[in-house]
Amino acid sequence: MLDRKDQHLDIVLDGRTARYRQAETGFEAIAFEHCALPELDFDEIDLATPFLGRTLQAPFLISSMTGGPQRAAAINRHLAEAAEALGLALAVGSQRVALSGSGDGGVTRELRRLAPTIPLLANLGGAQIVAEYGLDEARRAVEMIDANALIIHLNPLQEILQPEGDRRWRGALAAIERLVTALDVPIVVKEVGCGLSAPVARRLSEAGVGILDVAGAGGTSWAAIEGERAETEHQRRVAAVFSDWGIPTAMAIRAVREAVPGAVVIGSGGVRTGLDAAKAIALGADLVGQAAAVLDGAVASTEAVMAHFRIMEDQLRAACFCTASPNPAALRQARLLVC
Amino acid sequence: MLDRKDQHLDIVLDGRTARYRQAETGFEAIAFEHCALPELDFDEIDLATPFLGRTLQAPFLISSMTGGPQRAAAINRHLAEAAEALGLALAVGSQRVALSGSGDGGVTRELRRLAPTIPLLANLGGAQIVAEYGLDEARRAVEMIDANALIIHLNPLQEILQPEGDRRWRGALAAIERLVTALDVPIVVKEVGCGLSAPVARRLSEAGVGILDVAGAGGTSWAAIEGERAETEHQRRVAAVFSDWGIPTAMAIRAVREAVPGAVVIGSGGVRTGLDAAKAIALGADLVGQAAAVLDGAVASTEAVMAHFRIMEDQLRAACFCTASPNPAALRQARLLVC
Amino acid sequence: MLDRKDQHLDIVLDGRTARYRQAETGFEAIAFEHCALPELDFDEIDLATPFLGRTLQAPFLISSMTGGPQRAAAINRHLAEAAEALGLALAVGSQRVALSGSGDGGVTRELRRLAPTIPLLANLGGAQIVAEYGLDEARRAVEMIDANALIIHLNPLQEILQPEGDRRWRGALAAIERLVTALDVPIVVKEVGCGLSAPVARRLSEAGVGILDVAGAGGTSWAAIEGERAETEHQRRVAAVFSDWGIPTAMAIRAVREAVPGAVVIGSGGVRTGLDAAKAIALGADLVGQAAAVLDGAVASTEAVMAHFRIMEDQLRAACFCTASPNPAALRQARLLVC
Amino acid sequence: MLDRKDQHLDIVLDGRTARYRQAETGFEAIAFEHCALPELDFDEIDLATPFLGRTLQAPFLISSMTGGPQRAAAINRHLAEAAEALGLALAVGSQRVALSGSGDGGVTRELRRLAPTIPLLANLGGAQIVAEYGLDEARRAVEMIDANALIIHLNPLQEILQPEGDRRWRGALAAIERLVTALDVPIVVKEVGCGLSAPVARRLSEAGVGILDVAGAGGTSWAAIEGERAETEHQRRVAAVFSDWGIPTAMAIRAVREAVPGAVVIGSGGVRTGLDAAKAIALGADLVGQAAAVLDGAVASTEAVMAHFRIMEDQLRAACFCTASPNPAALRQARLLVC
């Protein structure tokens, strides 16, 4: 499993999957109506956003990423220091390795020490909570990093395209419902690049899940990554066909927001710029997550991660300003043009 | 005629016609709504599909192909062994040569010996049943391979673009109707790459034909092939203009399904992957046919054909899984996104 | 003026204007619904079409072309011999040069001798009948070739882009109306590549014109040609901007047919194949004209022109056959797919 | 500030920003319905257009441009001489430098001496009238060139993307309203390449502004220019994302015209040809402005500017003629085709 995670990282980092991607996020097809008279001072724009009982300095979440043992510790340190410095939320990658005891993948209490004031999110796979794990493991995952919430990621396509993947998904909703009732922290449910649909969002909401991360199509494609890693022609060709499978992120955000108006919605999947983030928020997201776009910086240094998010912030601020929005929430009222 | 068949094979095999094709199947314009919570175990997915009183292990038909005498026997053997091993349906190519007595084109009782348990389909041309053949020849075609059904292929465009083609098509419907009444096995009517339309499907259904294979545009183009083979500039230019003539497969499936809700509909024409197959089924097909996509394998070996269909099956299963469909028939309820 | 005509020919012949053309005829955006069961014998298809009291063997008109003095005679001879052999209609180019007495441009009684049985059409410019010519010249133009009709071409854009062009167009409609009343042969009114619109067609019909040739955009572009010939940067840049000005031929045919249901409509402008011709007819044309597509052949030989139209005929027949249309008129009922 | 202006000029002149531009004006998506029977003499077409109590010989405004001190004087001289010779309106670039006393940027009474009969427009930035300037400076700007109107340009995006830019825009509308009441000349409000929206136009109209210049997206992009000039990677990436931000010019003209039917609307932003100008007028503009398209000529000579506008005029005349419009205002009735 550790080797697999290492391969995943390498494939995303050297951009090999770009060749396979055709899916678009849908952000490219919408534009904001410009407001030439914002009646606003730029420095008034306030990106502060409440999340999990804390206040983020900007509506950004560093989405879950796992890596192999060598690099994960450094990556997680860079991310935690940057998130703490900028007041952003941070989700760790899957804690399966850590729980299995075969290494900690850099996911330890040290993270909370580096990032004492921000929301930290633990992470487990939907397939694992069906098959292997109960309440105990979920509690251990949360405690391991003193997390403010536990993310359950739903990745059915990725699992069945991996030769070693989990193929049993019956019972996932019931398992999630049990965690919602029994755990002390909120549950977040997310996809990993194929998007949550309106019917799925509705079922999760009825099961008590209040925070949904759409993780739609147009960004990281696990089908493309598994196609890259494939050892047989059979695996490669089965996976390749699904490289643009999924609900485009823009469409998923709008559908989930409409389906569950009261939920906290995280818009993610292919978010590359602060302007994409502004569009995600206008379409219904409360905050915006990024994984692949942060990875280069995360491998490099804490400063690189900070530089990335400072650009994101200024782009988001500029979009707020030119739509006369004093804060991200006001973007929901901004007028959109369809290109 | 044998030479002509050999030329056809070569042109399809070396992909020369690709240069002429602009038509699309229409599959590229639709996508499935992903379901992140399938509540299904992958191994439960059941591709078994009833057809002609037998049960296929997957909803796949190897569509009719004919070849010249040297290669046809080997091709048919590979296809029959693979179809038997995987439980798929197999249609033979036109039996005109065999009926005329100038060779058997590999279409003999040997096929049924190699493939004792699967549906085998005999094949005659619509123009032949109008002009040359009566009930007798149709019975001989069926008996020749102990077929479970007789396919009549309608290829008016192909015939008129061939210098040697049959140009008399008046009376085809009446001839089909006579066969429906007199033959012991069901009649299947198909096109060869230009698609069946709703009005044609309705007329065939009224004539008693219960199984329709759309064979739409976007895959093999006989106009392109005849353009390639042309010996005069006149023939070449007449044919070339029709290389993308026809009803795109996705459109034809939907139209035929709506026009004759009770028919067995075979979706074919440019199906390249198991994801295309899933879309064909979602649009209304009961099973899915492929010719050109199988040809490379068919020339090579039984194993190559099997490898091809194993990939098709796994792609179809993955599409079922990620739309929460326990079987192909359930795909009809899956939600589609228009791109 | 003769030099100008020579330049026009050269520019069309060496395809230089292709670089400037972006306009499309609109034919590329429509397709026929294929009919797999035509219930028709190909050889029954009858292309015969009445026109100007005679019967054409196919619904084709060779549209007006003029050339400089050296080449015009040969070109016209090739066209006349081919039109006579195949039973097509032939329009001569503008007879302005011939009327002015400075040469006959190959437009003489000799033409009628070469083509005794087909409809021959005389040709004058709309600007000329406003400014220079009266009934007398119109009669002389008709008599010069013993024509069955007189075409008036409306080319306002071309005229104003030519430094030497006619800029006075007030009174054109009244002048046309006078000709309609006074001449013994019918009047045809056409554009030269920018298309007739519905309001113009209605006004012409009210003035008594019964035959309209749309000559729409997507084929020969006089703005592009005048841009090529321009001697100053000013002329070149003024003309270039209009190289795709005009109503696309498919749109013009439909609009004119709707506006004047009782008129004889000629569809022309960028018709390249017999399939384009079939689409023009399905959209409402009674016959189809071509200029540029015939020019290469016309320069070469009578046989080359005949070869071109034999291909056109067979393409048109194939389109009729695969839409179950026993004749071109029946194409009006064929079902169209919008791409 | 002077250096910055010099950089702006250089970047526009050497076309570096073209690489970044993806936005389109929207003009490319519309076409005029051609009128083959204009019933008009070309030489009757009258481009004369009233503006600010004077009569322009054509509905063209040379939009505001500023340059660094060395070149601005020559540029402004060429523009003033050409505008006077052709009877066009001329707007000077921002007078901030001149008001600050650190040079006059070629914006002096000399301009009025060179262009005694045409409308001259003064120019100040919206951010300046909020922050630094009052009625006094506005009066001085007008007097400096004996202007017939004062333009206030709204450039919120440009300002916040400049490190040295003004970020305070609260109060801009009130400041504009004060100027409207107190100044002796009319106020024009414009954008600089992102477009005025319907709501902004309505608010300006309520504040008493009677002349609106949309300056929409599709032409000069200040975000692209600021991205070029950026000294840090942070600035470059923040700016680059906004290079196609804004309301396409065609859309902005239509929206503003509908929102304030009684206003004088200037259509600008990416106007390149007289045909673009005709489309702008058909969509609702009273006159049409150009900046970047004039710049090359403006640097070169008075004659080059005149040659440019003579081409613009003839292109506009040709569009009028082929739509049977005796003057630009009649273009409003011309029928448009959507491509």
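Think of it as A, B, C and D in the order they're written, each chain with its own count starting at 1.
The rule is short, and it goes like this: a contact is a pair of C-beta atoms (placed from the backbone, for glycine too) under 8 Å apart; a residue touches a chain by one contact, two chains touch by 3 or more.
For clarity, every value in this text was computed on a predicted model and none was experimentally measured.
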Taking shared numbers over all numbers used, above half giving same and below half different, the subunit A and subunit B interface sides are different
If you average the CA atoms of subunit A and of subunit C, how far apart do the two points sit, in angstrom?
62
Rounded to a whole Å, what is the gap between the Cα centroids of subunit B and subunit C?
44
Of all the residues in subunit A, which ones touch at least 2 other chains?
none
Could you list each pair of chains that touch, in label order?
A-B, A-D, B-C, C-D
Name, in rising order, each residue of subunit C that touches subunit B in their complex.
31-44, 273-275, 307, 310-311, 314-315, 317-318, 321-322, 335, 337
Using the touch definition up top, name the residues of subunit D that touch subunit A in the complex.
126, 154, 156-157, 160-161, 167-173, 191, 194-197, 199-200, 203-204, 217, 233-234, 237-238, 241-242, 244-247, 251
